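I have a structure here, written as structure tokens, and I will follow up with some questions on it.
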Amino acid sequence: MLLVCRAVDEDAVRERIHARVPTPHGTTMCRIGDQLLVHVPGDQLALADEMHESGLLLRAVTDHSGAPLTDREAVPPGSIVELGGSATVGGVDFALIAGPCAVESYEQLSASAAMARAGGAVALRGGAYKPRSSPYSFQGLGDQGLRIMAEVRAETGLPVVTEVVDAATVELVAEHADVLQIGTRNAQNFSLLKAVGQAGRPVLLKRGFGCTVGEWLQAAEYVLAAGNPDVVLCERGIRSFEPATRFTLDLSAVAVVKHLSHLPVIVDPSHGTGHRHLVKPLALAAAAVGADGLLVDIHPEPATALCDGDQALDRDRWFDLATALRDVLASLGRDLTLREPESAGQAR
Amino acid sequence: MLLVCRAVDEDAVRERIHARVPTPHGTTMCRIGDQLLVHVPGDQLALADEMHESGLLLRAVTDHSGAPLTDREAVPPGSIVELGGSATVGGVDFALIAGPCAVESYEQLSASAAMARAGGAVALRGGAYKPRSSPYSFQGLGDQGLRIMAEVRAETGLPVVTEVVDAATVELVAEHADVLQIGTRNAQNFSLLKAVGQAGRPVLLKRGFGCTVGEWLQAAEYVLAAGNPDVVLCERGIRSFEPATRFTLDLSAVAVVKHLSHLPVIVDPSHGTGHRHLVKPLALAAAAVGADGLLVDIHPEPATALCDGDQALDRDRWFDLATALRDVLASLGRDLTLREPESAGQAR
Amino acid sequence: MLLVCRAVDEDAVRERIHARVPTPHGTTMCRIGDQLLVHVPGDQLALADEMHESGLLLRAVTDHSGAPLTDREAVPPGSIVELGGSATVGGVDFALIAGPCAVESYEQLSASAAMARAGGAVALRGGAYKPRSSPYSFQGLGDQGLRIMAEVRAETGLPVVTEVVDAATVELVAEHADVLQIGTRNAQNFSLLKAVGQAGRPVLLKRGFGCTVGEWLQAAEYVLAAGNPDVVLCERGIRSFEPATRFTLDLSAVAVVKHLSHLPVIVDPSHGTGHRHLVKPLALAAAAVGADGLLVDIHPEPATALCDGDQALDRDRWFDLATALRDVLASLGRDLTLREPESAGQAR
Amino acid sequence: MLLVCRAVDEDAVRERIHARVPTPHGTTMCRIGDQLLVHVPGDQLALADEMHESGLLLRAVTDHSGAPLTDREAVPPGSIVELGGSATVGGVDFALIAGPCAVESYEQLSASAAMARAGGAVALRGGAYKPRSSPYSFQGLGDQGLRIMAEVRAETGLPVVTEVVDAATVELVAEHADVLQIGTRNAQNFSLLKAVGQAGRPVLLKRGFGCTVGEWLQAAEYVLAAGNPDVVLCERGIRSFEPATRFTLDLSAVAVVKHLSHLPVIVDPSHGTGHRHLVKPLALAAAAVGADGLLVDIHPEPATALCDGDQALDRDRWFDLATALRDVLASLGRDLTLREPESAGQAR
């Protein structure tokens, strides 16, 4: 059962819960805005009544989704997540996040950031630690990549999103980056999910390519249950039998998640398709299906990219996408958040 | 190798091919507009040179797609298919096709047709022969359903689209309907594909839910190879491990097909998702990804539907979809074909 | 509800059903051995009581499987299907069926038959009508292929199994062949399933590569509901994301089907894997999981095969498989049906 | 390129490699038995010639598999992995590993160990840290579970296999357990793979349920590349559209892996099917397809199990499986390793 309380009553609520739920195993709490969400195992109607009478309970939700803290009923209007103070995901705004798959050098990231901003992106993505299927593929620049990101962030003011691959480096990454990304291969690495739940940074949680929507929401529940409400979900394609695309982008899942959960959802059409000529149509489709943003691979020189160059957009394709996206979003009554795109001419 | 010729030269071309390709096994021809597409096995460069010199060849395409007649290179601007004389699919126009999953009665179909037209549909769908997984499910009204469709078609002027399930009834269905639909379970029923290739009616070819894009285009190739160029492809979801939706609608496949083939592609968000609340977002996404139209289940009283009622839209949801769709299409520079929607007030 | 009656009482049973089930839509009957299986829609307890009292009912099964005539409860010990009078599938015996994917010539089929028999096969497979994904692939010899099969059958006494691809040719194929195969692409071609349900020949029903076990059993139900109890199911691989094999052979499905249904199940490890070096291990696994037989591609000269040569076994591999199979079957208390393999020496 | 050297020459080989491969990025080494496997990026033919002339090279393999250290060519007869000194996996012996999904108490694990040994198991499995999709499911006893396992191991002499879920606890787990299991959800947790590559214990690497065989072997490559040759692969089912089983056990993958890699492969029919009545047939099939062992869930009282009780075998089913398995293995010329099963009578 989910109990929605006021955040200001947190101490009193905790006291009451501990008094009435004998072994509070399975009890989780998460503060979202000025509300405190509390999940207790089973349906504790007496407890709910008592809390209601003493003014500690705003409302109770008898929940069946298996992921109560992420359930739509917990935050009916949907939650809004801040990225680095200057941007938000969720609500009416649409967040465009762009950057290279991997940080390769200061020059490359700096050029990417300029491109990203010129196209209207509100945050910069870039991988320092790259989880690669093969040990012989480029594994990212590691700490050096983090420092480059921090430098470009300072220069441009763009918040940066980067992947964290193990609990041991969560703290280090959280020092340099604004948003901690959990990649598809760690989507059910529960130790890592608990660690980012305590890191004090928003989390961009990619769907595991072999995971159902239900499992994805339960993965998010691990983060919220550790106290961190700032989770942005990211659909990036699932495994299917179709070989024409690298993965099968499951846009239905976006609509399903918007129905089931209050968390914002963005889409990664770059990893989802694996081919640059498919990124624009799927990006527009993601906007139309109701996604709250996009994560797009861009690169100043895709042909030289050390990682996933086939899916990276060059400057022209990126600006073309950003322009078309504005029109589609406007038709849906949505806006790109904050930042206006510079004209292509200025940007060059 | 694909040879693109003028349709007026058909006799001369046939003669030349027969003279030069000793066993014309694997040679296929299809007339599209004023062009004649000829596929000959292998790369017959001498033949191409000879035909070029004698003015019989417009251009030759060395093709690798495995489905040469449907290949984008055959008709680079994309082909446009007429539906019953009053509507087209492909090109700049966007075709909305709507109706009940199954024809249940004259009253039901007539009411559905009024709803369909009021929302801006250019054609009416409805099943007379229903291929159902279980022999104990409603199998459709059969011939009686065909007669009801013909009656409603006469009254409303809406062309009708209906499924044909075996070669034996192709002729009968072609007498009553404007467009022959091949369902997902018959997507590789090659005898049926050959039969509709000779039926003189446009064909709406659904993707097999277990078929790759390549196999889908090869299925279309069977129809074109039998002489019928009027094929509209329809993405309707594939099988995956995700249980939240009935199938996984593969919108990437639409973008892939638009890249590989000249055939128009529409999307069926109703069967693709199986849940009515998911139809609108996926319909908008289909428009944004570049589909040429939609096939939507609507029903005057979904709760009483004999087939797939969970996914049918009622009047309000259908008008809501049609309105939102117009805005998104306009933002993409596309229009709904021909018919303007009546106002919801008038339509009631 | 499933009513199990005596076959000798068929007329009286029909009369009673028609009297008591007002619209006998959804009522199906199938005679298996000396029993008559009757499915009536819903749970008609009064009817069951009445029939029981008048001695017409052996037992009633309240069924939930969705495919009552194929349900294990209908024939608890499992049914046994005769192939051409000389072999059986089901029960303790294990049926080895082998032959080329496609009939190419008399010489090729005759040599294949000799190989098949020498390895212990009880029936010969071979395709005359080949449903191919591409219209440019070899489509089989058609009628001529049927005549070759009939000739080889007469010479060797081996019953022949061949695919039927449309209702129009069912009668012709039934004249020349002993067992009618429904291929994976026609696994939900319900018109064809109804046609073979009336053809008076046993049916080998392959699983659709995109179909669930439930849908497969419902497809079989179409055949039984048309009056034909002699259905042999054949698992041949499903679509998955794994590219190392052509399909993913679902051996769990064999165990599931043996649990749910009384129909015998065989396995096709050749199409299921697509690679000849994988056929033997998967064939042995199929025997161990409880399959009732195998369908194996063999060819006197695989390198020259017109269809699926990569998966065909040559003589040595085939004999090696047959020998290992005997040992595994013996360890499971099963036997190859009837025919003893000739020694490899004799066979050459 | 893979260079196979003598382990005794390790220092000289390292020196030569460092001298000739300017940036030894992508160079990996692993000692297996008395051989040293060295992978260098690209085809360094001059280096190979030079090493051959100076007697440092046994043979060179130009490799295309993407996972050179695990490639069959590296150890053509197949490698054999020791489990805790008393058992081996690989080669002619077949290793039966059994135990409860989760350690629940000393009593439960002790009873399970007695059952396991009585059925012929050579090692005991049991989870202390359980990665569960939901944060509200039983998460295992953690450190306490490890201590219970160590106690039961001391009493019974059975080596124990347990899962490790993060790098931080690898050392602790390695102190208490003989074999470190990597679960399906961590199959591409590369930080963890590197950590167990340095832990000095054999690793049981489950296939990710969304991973291809190629990715699975590359995951193993991470472990070998970190210096640990003792990897046992475990097929445990992949995601597919089939709902009748929890996952789709991919037994073809076992045959594929035996072909591609020298690593031993075992099968987990319990998690692969999710239903106890399917465990025996799939276990026998796994033996027949060529697996080197099994990982089986058993429980003294499945109805009370805290985790996955539906798939756990009780005593009777477990002994029935063990008996049937012996017969099938004997027919294949294989033996259960070491331990003879006690008679069922004695064991009770």
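To keep things simple, chains are lettered A, B, C and D as they appear, and every chain counts its residues starting from 1.
The definition used in the following text is that a contact is a pair of C-beta atoms (placed from the backbone, for glycine too) under 8 Å apart; a residue touches a chain by one contact, two chains touch by 3 or more.
Note that the structure is predicted; figures quoted are calculated from it, not measured.
**Student:** A-C or A-D: which has the larger count of contacting C-beta pairs?
**Tutor:** Pair with the higher count of C-beta contacts: A-D.
**Student:** Which listed pair, B-D, C-D or A-C, shares over half of the residue-numbered contact pairs seen at A-B?
**Tutor:** Among B-D, C-D or A-C, the interface that shares over half of its contact pairs with A-B is C-D.
**Student:** Counting only Cα atoms for the centres, state how far chain A is from chain D in Å.
**Tutor:** 34
**Student:** How many angstrom between the C-alpha centroids of chain C and chain A?
**Tutor:** Once rounded, the distance between the two centres reads 50 Å.
**Student:** Would you pick out the residues of chain B that each touch at least 2 other chains?
**Tutor:** If we look for residues of chain B contacting two or more partner chains, we find 210, 214, 238-241, 243.
**Student:** Please give the residue numbers of chain C that touch chain A in the complex, ascending.
**Tutor:** Contact set of chain C toward chain A: 239-241, 243.
**Student:** Where on chain B does chain A make contact in their complex?
**Tutor:** 210, 212-214, 238-245, 248-256, 258-259, 272-273, 277-278, 281-282, 284-290, 324, 327-328, 330-332
**Student:** Enumerate the contact residues on chain C facing chain B in the complex.
**Tutor:** The touching residues are 26, 28, 39, 41, 66-67, 131-136, 165-168, 185-186, 188-192, 208-211, 214-215, 218-219, 221-222, 225, 238-239.
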